[in-house]
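Both complexes shown next keep chain A, but they swap its partner, so chain B is in the first and chain C is in the second.
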Partner chain A sequence: MKTLLSLLAALLPAPAVLAAGNVALESKIFVEKTVQDAHGAPRIVLQPPALVVPGEQLVFVLDYSNRGNAPATNFTVTNPLPHDITFTDAADAGAELSVDGGKSWGQLAVLTVPGSDGKRRAARPTDVTHIRWVLKQPVAVGESGRLTFRGTVR
Partner chain B sequence: MKQTKTLSAVSALAMLAMGSGAAQAAGTTSGTTISNSVSVAYQVGGVDQIPVTGSDSFTIDRKIALTIAETNSNTTYVSPGQVNVAVAFSVTNNSNTAIDIALSATQLSGGAAAHGGTDNFDVSNFALYKDVNGNGLYDAGTDTAISYADELAADSSIQVIAVGTIGLSQVTNDVAAVVLTGVAREAGSASSLGNVITATSGANTTAVDTVLADASGESGDVAYDGMHSDMDDFTVLAATLTIIKTSSVISDPVNNTNDPKIIPGAVVEQCIAVSNAADGASAESVTVTETVPGDTTPVLGSYGVYEETSVTGTGAAMTCSNDGTQDLSAASGNTVTGTLGSIAPGAAKGMRFRVTIQ
Partner chain C sequence: MCCIRCVNVEPLRKPAFTGLGLLVLATGTMAAHATGTIAGTKIESVATASYSAMGSERLSVRSAVSSFRVDEMLDVTVVNSDPGDILAAAGAEGAALGFDITNNGNGQEQFSLTTVTALGQDDFDPQAPSIYLDHNGNGVFEPAIDALYVPGANDPALGPDQTLRVFVLAAIPDEAQDGQNGRLDLQATAVTLSGTAGLSAAGAGDDGVFAVVGPSGATASSSGRYEASAAALAFTKTATILDASGSQSPAPHAIITFALRAVVTGSGKLDALVLTDPVPAGTSYVPNSIHLDGIAQSDAPDGDAATLADNIVTINLGSVPGGTTRLATFQVRIQ
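Let's turn to the complex of A and B:
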């Protein structure tokens, strides 16, 4: 995806005229299951969320595409974590996290939250409230991409 | 969890393992709809565009799990003839919804008990009660008979006790094992036991499905069968008392204390030593009563009874250690009484008194 982005960004100069944006965004939720393949080895598969009970591992898939006729810049995808879902991890390190409802952002290792003793403690995955991606490259006309993160049902 | 590398891939298998424990907290209530909304803000030609949103949702299904567990991990020691002995169990609803739990207590018929022994007897008057005050003991008038936990909320638990009476003929190390089994039943109607909860069969539906997620319990209780069970046991500790009686001549009217003989008028000291076998129960309120033979007379007014707190020697060689305290009022006519109180397992006490040969 990143190679595609950089390639297209080099090819397309800024448009001379403003074109109406037409970005599509779709959120899908899958349940991550470990099944055994024909040789008895564990294999991770994604299934539609038909049967979901607490403790289940979910994969949130965000598909975006630029169906307009101009590149989209400052492309920022923001996903508040649903209530009853705890954050597990994001597939790529480009994701920024917030543990304060979206006020401040960063990697989890640098985020802190108020501890029970009044001092601030290092944030844990369960403290995450929002996840976002800020794409450094414009999304070109016709380009699509996928962002994913994982969470657990409380 | 360590904070380093949290964004990189945490092992999917490890996370799944964390989520698959049957005894975890109940979690999100079944029927809850979880909706994920995502938005994208962007610019075209340097101008902010109207943000675009996307969403997806699903419904939390019903996870049925329950835990039956003895509340202490030790056997309960009982005495022969003891009434209303109790073993306590906790009954916990680990489902993500309220359920009824049908409860049945059974006694093992032979086989390995919960804490190392082998089941070899049943208690009588066996019954199951809700331990209303949670003390693990049976309290008449407080604890109430129970056959099911009614409308037990998610993540909540009650304590129940299996109560019985120990036969008088039971001996030390006899074991009676008890199994409590709980079966998940439908809630929804207070003060009545609902139907057995079964897993949704066939393909998953978009409605609320049911998954049985209980762990395996005692023999015959497999995982994911909508029931759970645990075993506890009673172990008998009896007190086994041994009594040894010895006597020695103190004086006679001719020789006085110099090599005295048992002739009329001689004073004979008697010792009754009582030992309690090791590995048994403490013997409480031990009282020794001796009626002296008709041709002897207790020497009471001047000597009384000495209640000894220890003895010397063991087995047949036990005799009083002369460490007792004098009790001048411990006789009535020809009867002398030693009030020895409690004798711990492996310990011995005694009583000492004197008689005069007529």
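Let's turn to the complex of A and C:
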């Protein structure tokens, strides 16, 4: 997988990185595809989103790095769910979700939304509007990290 | 959330490139999705990081926008809409077979239509099929309104999830026997591209995105079936006499009740079936004595089935399906 990613990275043009202060944040989208390996076994690989149709699984990758000379504290990364994308899951349990446009946050299991009958119902993945990560530890000078979540094209 | 995919708790703090390896358990495959995101839609994602550095105020940084455009999946279903076999008389043009063509893709697509009649599992091949497009969407074949389909000239264009009813008319061979079946397939195929699922063509989709063949292979077909019908009529007439003394002799003033029984057999029907019976000489008709299946009929040429005119009883049975018996009675008095 790491080999694959380095290959991918080599194939992709370097995306523009916007840096304010001393932290860089980069967003990438990949699509999960099932391919056959040399032995004919199915294998899931991540590819650039060159060919994507409804129903396909995407992986959203956020790479951050602290390029400054001071630790970044209370480090929070927020990603609104793109339109036409249904949240699937996050690769780590530290992610918090919002189903109300980023006003309140929590795990999906504890979130509720107004139901069609006027009562509140348990939130579903399709209700997710935002995902965020609040890192408990500062991002040290020179440190980089990756956050990922998955979504499906509606 | 699926726990199998959420095992990466601690790597949050690890240096980069740990997360993706854990995503290989996923099963992302191309699935048929009705009402999917419309082809050509641009999907954009952008993230924001906020933090403090050395006690500073909150700083924030936005990522560049990552984006892609949704490609066009080509997918179609065809479903025969008839409630059952369509009865059609041997040697005649059959009634319309109905088929619903649905664009299950996420873009605008034209479909070419073909019929196949040389199929197994039937008794005869419907002949000279022609296809009509339901012009006004009412689901009913209207020869004066619905357009004859001409391949390549008016291939129907359907938007995502749009359904079109088409009709196929074919003739039933002369030699088809009552109750025999003839099958006919209607096939719809995406004009842009069809074949193996996953086959793609750059720039061929809406707004210049890829066109991709969906799970159906971008082609689908469904069978309609004619049942050849024929019908036969068995007709009997009986007379019952009742005179004033209660005997059954044909004495003057005795009443004769005639019973006309029409028994229609076969899977077909007889159209415009009319029974006529002149009042016998030497008798006079008993006014308003006609009954059809036990229900009194008037003699006047009005809304009911019976009339008496020129001393002839006429009973208009209309269309009578096989398996039906109609019983008409009327009375005369011996003069």
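By definition in this document, the second predicted complex is superposed on the first by the 133 of 154 C-alpha atoms of A that agree within 3 Å, B and C clash if a C-alpha of one lies under 4 Å from a C-alpha of the other, contacts with A are read in each partner's own complex, and residues count from 1 in each chain.
Everything below uses one rule, namely that contacts are C-beta pairs under 8 Å (C-beta built on N, C-alpha and C of every residue); 3 or more make two chains touch, one makes a residue touch a chain.
As the structure is a computational prediction, the values presented were derived from the model and not from experiment.
Peer 1: Just from the overlay, do chain B and chain C fit on chain A, or is there a clash?
Peer 2: When both complexes are placed onto chain A, chain B and chain C end up clashing with one another.
Peer 1: Quick one: is A:T148 in contact with chain B, with chain C, with both, or with neither? Answer first, second, both or neither.
Peer 2: second
Peer 1: Tell me the contact category for A:R124 with respect to chain B and chain C: first, second, both or neither.
Peer 2: So A:R124 only meets chain B here.
Peer 1: Scan A:K28 for contacts with chain B and chain C and give back first, second, both or neither.
Peer 2: both
Peer 1: Taking the superposition on A as described, I'd like to know which of chain B and chain C A:Q57 touches: first, second, both or neither.
Peer 2: Both partners, chain B and chain C.
Peer 1: Quick one: classify A:Q137 as touching chain B (first), chain C (second), both or neither.
Peer 2: Only chain C is touched by A:Q137; chain B is not.
Peer 1: If we overlay the two complexes on their shared chain A, which of chain B and chain C does A:P71 touch? Say first, second, both or neither.
Peer 2: Both partners, chain B and chain C.
Peer 1: With both complexes superposed on chain A, which partner does A:P82 reach: first (chain B), second (chain C), both or neither?
Peer 2: both
Peer 1: Hey, what residues of chain A end up touching chain B and chain C alike?
Peer 2: Shared contact residues on chain A: 15, 17-21, 23-29, 32, 34, 44, 49-57, 60, 62, 64, 68, 70-80, 82-85, 89-91, 93, 108-109, 125, 139, 150, 153-154.
Peer 1: Quick check on the complex: what are the chain A residues that touch chain B?
Peer 2: 14-15, 17-21, 23-29, 32, 34, 42, 44, 49-57, 60, 62, 64, 68, 70-80, 82-85, 88-91, 93, 95, 97, 107-109, 122-125, 139, 150, 152-154
Peer 1: Write out the stretch or stretches of chain A touching chain C in their complex.
Peer 2: Result: residues 1-2, 5, 15-34, 43-44, 46, 49-57, 59-65, 68, 70-80, 82-85, 89-94, 108-109, 125, 133, 135-137, 139, 143-148, 150, 153-154 of chain A touch chain C.
Peer 1: Could you list, by residue number, the parts of chain C that touch chain A in their complex?
Peer 2: 1-2, 5-6, 8-9, 11-33, 36-37, 41, 43-54, 56, 58-73, 106, 200, 210, 212, 214
Peer 1: Hey, which residues of chain B end up touching chain A in the complex?
Peer 2: Interface residues on the chain B side: 1, 3-4, 6-10, 12-13, 15-16, 18-21, 24-28, 30, 32, 34-47, 49-50, 52-63, 96, 200, 203-206, 209, 211, 213.
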